[in-house]
Amino acid sequence: MSIVVQNIRRAERSDIDRLAAAGVATVHEAQGRRGMLASYMRPIYAGPAVAGSAVTISAPPGDNWMLHVAIEQVADGDMLVLAPTSPCDNGYFGDLLATSALARGCRGLVIDAGVRAVADLTQMGFPVWSKAISAQGTVKETLGSVNIPVVCAGALIEPGDVIVADADGVCVVRHAEVPDVVAAAERRIGAEDAKRRRLAAGELGLDIYAMRETLAAKGLRYV
Amino acid sequence: MSIVVQNIRRAERSDIDRLAAAGVATVHEAQGRRGMLASYMRPIYAGPAVAGSAVTISAPPGDNWMLHVAIEQVADGDMLVLAPTSPCDNGYFGDLLATSALARGCRGLVIDAGVRAVADLTQMGFPVWSKAISAQGTVKETLGSVNIPVVCAGALIEPGDVIVADADGVCVVRHAEVPDVVAAAERRIGAEDAKRRRLAAGELGLDIYAMRETLAAKGLRYV
Amino acid sequence: MSIVVQNIRRAERSDIDRLAAAGVATVHEAQGRRGMLASYMRPIYAGPAVAGSAVTISAPPGDNWMLHVAIEQVADGDMLVLAPTSPCDNGYFGDLLATSALARGCRGLVIDAGVRAVADLTQMGFPVWSKAISAQGTVKETLGSVNIPVVCAGALIEPGDVIVADADGVCVVRHAEVPDVVAAAERRIGAEDAKRRRLAAGELGLDIYAMRETLAAKGLRYV
Amino acid sequence: MSIVVQNIRRAERSDIDRLAAAGVATVHEAQGRRGMLASYMRPIYAGPAVAGSAVTISAPPGDNWMLHVAIEQVADGDMLVLAPTSPCDNGYFGDLLATSALARGCRGLVIDAGVRAVADLTQMGFPVWSKAISAQGTVKETLGSVNIPVVCAGALIEPGDVIVADADGVCVVRHAEVPDVVAAAERRIGAEDAKRRRLAAGELGLDIYAMRETLAAKGLRYV
Amino acid sequence: MSIVVQNIRRAERSDIDRLAAAGVATVHEAQGRRGMLASYMRPIYAGPAVAGSAVTISAPPGDNWMLHVAIEQVADGDMLVLAPTSPCDNGYFGDLLATSALARGCRGLVIDAGVRAVADLTQMGFPVWSKAISAQGTVKETLGSVNIPVVCAGALIEPGDVIVADADGVCVVRHAEVPDVVAAAERRIGAEDAKRRRLAAGELGLDIYAMRETLAAKGLRYV
Amino acid sequence: MSIVVQNIRRAERSDIDRLAAAGVATVHEAQGRRGMLASYMRPIYAGPAVAGSAVTISAPPGDNWMLHVAIEQVADGDMLVLAPTSPCDNGYFGDLLATSALARGCRGLVIDAGVRAVADLTQMGFPVWSKAISAQGTVKETLGSVNIPVVCAGALIEPGDVIVADADGVCVVRHAEVPDVVAAAERRIGAEDAKRRRLAAGELGLDIYAMRETLAAKGLRYV
């Protein structure tokens, strides 16, 4: 039952970087308001948006053995994604694993559990989005799997999907949809810039988006 | 059922600013330990205390239409206060709405739900106290109301009440009580300064507040 | 039932400082992965690791009277540890109490409840690990005890135990075990430095820890 | 600051009983989907719907003194409603207080905190909706108020408002709106009976409510 | 983006019924400890185990329109599975929808949100596993989808997967794995019966499973 | 580090049974409002109060191996108490383990984690107080300890302490204090019976406990 899938599809590096530049909120909107992980997934420090190809890990509660296995599967530009098989806030990951991950070009970690040594990780510039910060250690006794589909913080993530993460949280883009989402995200950014200028000048969204009539039709009354 | 109240009472600007200067903990004590919103309401970035007149919004879960309606009702110095009609952590508010709110002199947002684009909001200096940070988007389909009494994070807030918010959380002051609370808060600050000097010099609260006798009378034993 | 124990054992100051230098994750591992408080205990600001001897407080919900009593028992280098007798997120502690605690050489506070005036505490450099930040005030009506064993955030803490706290959370070391844990922590740091260099050079944990055979024996398959 | 309001408005007994007969879901719909308390408010045992006039209590965390004061204010047909001034799960209420409340004609308790002796309360047939069940006791040291407006489990409740509670939770009806809500609830019940028969016969809501066209217009596609 | 898939695969009725007879704990073990939904999914009343083919619904927060659409897709023996697109505890489903679902042979509902009219549902014998019980109503404004893959309470569920639910919670079995899981579950039941007899007679698991040596080898000491 | 302590103190059987007869709320009050486990510990079915000597288990998250070890240590009249070393809701215990425990005279289980097969446990009459119900299985890979002091749901429990559990939750009585607590509990029951009669006859607690003067002195005003 425990497997390591060694070859995964990856999106184009340039597309991945354009998703990072667009940021989580825009990417999420661009793909039809899908793909957000639960809002309890928070960055351990304030930093720029990152994106990478998901190397996924399914791990037992309180057991980080598969992280060691997964790091060998990391290619330059990847992100690690760990989902425990049941809720757990243990510190699965710290500065030693981050050192190893960085040496392989890993861009960050998304983990529906805990991490530790966050002062070190911050100093190293290794970004993490996690459910918890906890020094509670883990064992290395039970197998899990690497690069199988996982549900992480409420979202389905398949190996090679693109993970985008920033101060707003974490969003997943299906591998097959990456080019379309890149295009949609960049169109959206263009459209938003124009709106931003009008709003900054004092125009109201009610007028820019022509909402007044619909609101009245639905029955909104001003008193 | 869905209404927008266009004229609300507002407290004196100078009183509002004096409440901001006093800060949340002092204001809350000055009005008899009342008015705190739930402690899960946290600022999205560390910044100074702010205060403003509440423009209130009652909105359906996952629907931010009424925010567009509410911004038109914002006068210089106001704060937006949004309470969803049932628990929701969606990102109702981001950089575009903040641009529009700032253009009207809005001082910040208190929202018992989520916000997004928090990196942009931080850079713009638009303060928010929220239950969650989430990029999960919302729709514009269902009406709510603006400037009706709402329960936000466990506290009743009426339009025109003064909201004070800082690193300690969010406190509401009833419109009619503002002058009294300003006075009580400033008295309290004076009294605390004197105590702070004595405590810094090594005197004990046990002695400053003359607690030893009462403690003994209640039965405290030293062993 | 309400007592104040005036004389408690304390560990050697030099050992306490070496535990602070080792940090929470290392200390916790060095004592066999024991002693962590629950992961909801978070620092109110980012700062260095601290350690100190526990002066413990058992307090009723919403009543901070015993903090005043406890401060008299603080010796230079101690840490205050407060456990409410039932869950409570009130702000038991603020800048006045911190001023008094600092005047007695207190190194920080660990509280399974709330604190307030966190902007002031940050500016003063008084570190706190808490369950909540809340300005909601407390009364001074009901007795509790000082320097009795308490369960704080899921961990048993006895007076004079050493508290180590940093960005990873809070760990307790039994008074009698301090010298052994110091030694084990420092051995661990040495061992980790060597591993860190090898991992940074691109060696894999799979090889450094010789895991491949065990993984295969347990049935891990590469596909 | 601590007061007991002795005379409160009460709705007509017959209207109150008709609201109980309609039940929470219907009453809540009949008043425009307003008035529900948070869904964590659960009955301690399965029983029929009840309704009564609210006698409200604002009490400190861990202090049930005001319950004794409130019981004197209970008239036949009332319900007690307790909101702590900050979150607390202590057992404020047990079989002795229930005995006293029953002797005065009290119909039940709604409490945003804990209760105890639930086996006894069940046997006595005294219904309670609470946030928690806990034997953790309380003190009688600090004043609160009786019959002031309170926010209980996220809903504003004023003395004399009608509380309706059943297996679905708790709903509040404003005193002034009771007659209208009774009428609307009973109209709703009539309309639902007709629909229930059609649905039981196999007709689809899609057809009964004529939804197909709107769904198509919004873009729903069958594949 | 909003679609209704009209034809889904379904497992053999006899296999589905054998999974119901095996129950959740056994089925979950039989498929390698996979497939459990989060433990907060609880039955609204105590009843027998049920199983059925999943008709899945992805619905916006606070909007139950798609339930009406989904019921038309229900075939005899199916179970409805609803996942909101963001966390929501509203009461999406009550006695009218249950009447309609029952008329089509629906065996129950699994919903990562709230339901209402639970007294009626209990009396009708319509089983529900939900995150919440709440009478808070929903609107019919925004589209979702029917019979697409959803993540419900942390588990991926595809249309036509088999849902097994009982007092222990909810488990999903992939459509393609149903025959194998049925066989494995029934083997497991046979093996457990033998063990149960030995344990009831006083034999210890330590001996039946021959654990003593392994425990000693791992270092367990009896003192 | 992993040990099994084979000989533990136990209280007198007759005293244990008298504590069960007194029930949790009374026992907890009789020992000065101490000893309650967290209120999330709930019985899996409604049943009578039970009491027994604690056989304690410290177990890793997701690993129930030590339960098999612990059952050998159970003497007639004991209760099993399991505390995971970090938060976990897995189903550690089901009908097979219950069969084995019952064969040794075990009176029940208190577990700060999950159990499964709750329909079977209910039918067998094996009472459990747990944090969760979950069929999610566990492994048998990592050692823990039996009969060491544990913190379970926020309370310190030492082997041989008496556990009292009923519909109100779970309370622990220190081994050394059992005779005194028995006596105090029974005195309390006598006193309560008298009060119950007076309250049932319509006397008010305000008068029975002579509270009116104190309330007035503290400043309560009737308006």
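Read from first to last, the chains carry the letters A, B, C, D, E and F; within each, the first residue is number 1.
To be clear about the criterion, a residue touches a chain if its C-beta (ideal position, glycine included) is under 8 Å from a C-beta of that chain, and two chains touch if they have at least 3 such contacts.
Since this is a predicted model, take the numbers as computed values, not measurements.
S.K.: Mind listing the chains that sit against subunit D and also against subunit E?
M.R.: Per touch definition, common to subunit D and subunit E: B, F.
S.K.: Scan B-D, A-B or B-E for the interface that duplicates D-E, counting it as a duplicate when over half of the contact pairs agree by residue number.
M.R.: A-B
S.K.: If you average the CA atoms of subunit B and of subunit C, how far apart do the two points sit, in angstrom?
M.R.: 31
S.K.: With chain centres taken as the means of their Cα atoms, state the distance from subunit C to subunit F in Å.
M.R.: Computed from C-alpha means, the inter-chain centre distance equals 28 Å.
S.K.: Residues of subunit E touching 2+ other chains?
M.R.: 1, 33, 36, 85-87, 89, 134, 136
S.K.: What's the complete list of touching chain pairs for this entry?
M.R.: A-B, A-C, A-E, A-F, B-C, B-D, B-E, C-D, C-F, D-E, D-F, E-F
S.K.: If you look only at subunit E, which of its residues touch subunit F in the complex?
M.R.: Residue list for subunit E touching subunit F: 23-25, 28-29, 33, 36, 39, 42, 46, 166-169, 171, 192, 195-196, 199-206, 209, 211, 215, 218-223.
S.K.: Considering only the defined contacts, which subunit E positions touch subunit B in the complex?
M.R.: Contacts found on subunit E: 60-63, 85-90, 134, 136, 139, 141-142.
S.K.: What part of subunit B is in contact with subunit A in the complex they form?
M.R.: Those in contact with subunit A are residues 1-6, 65, 68-69, 71-72, 89, 91, 94-97, 99-100, 102-104, 114, 116-119, 122, 132-137, 140, 143.
S.K.: Which residues of subunit A touch subunit E in the complex?
M.R.: Within the complex, subunit A touches subunit E at residues 1, 32-34, 36, 38, 85-87, 149, 151, 154-156.
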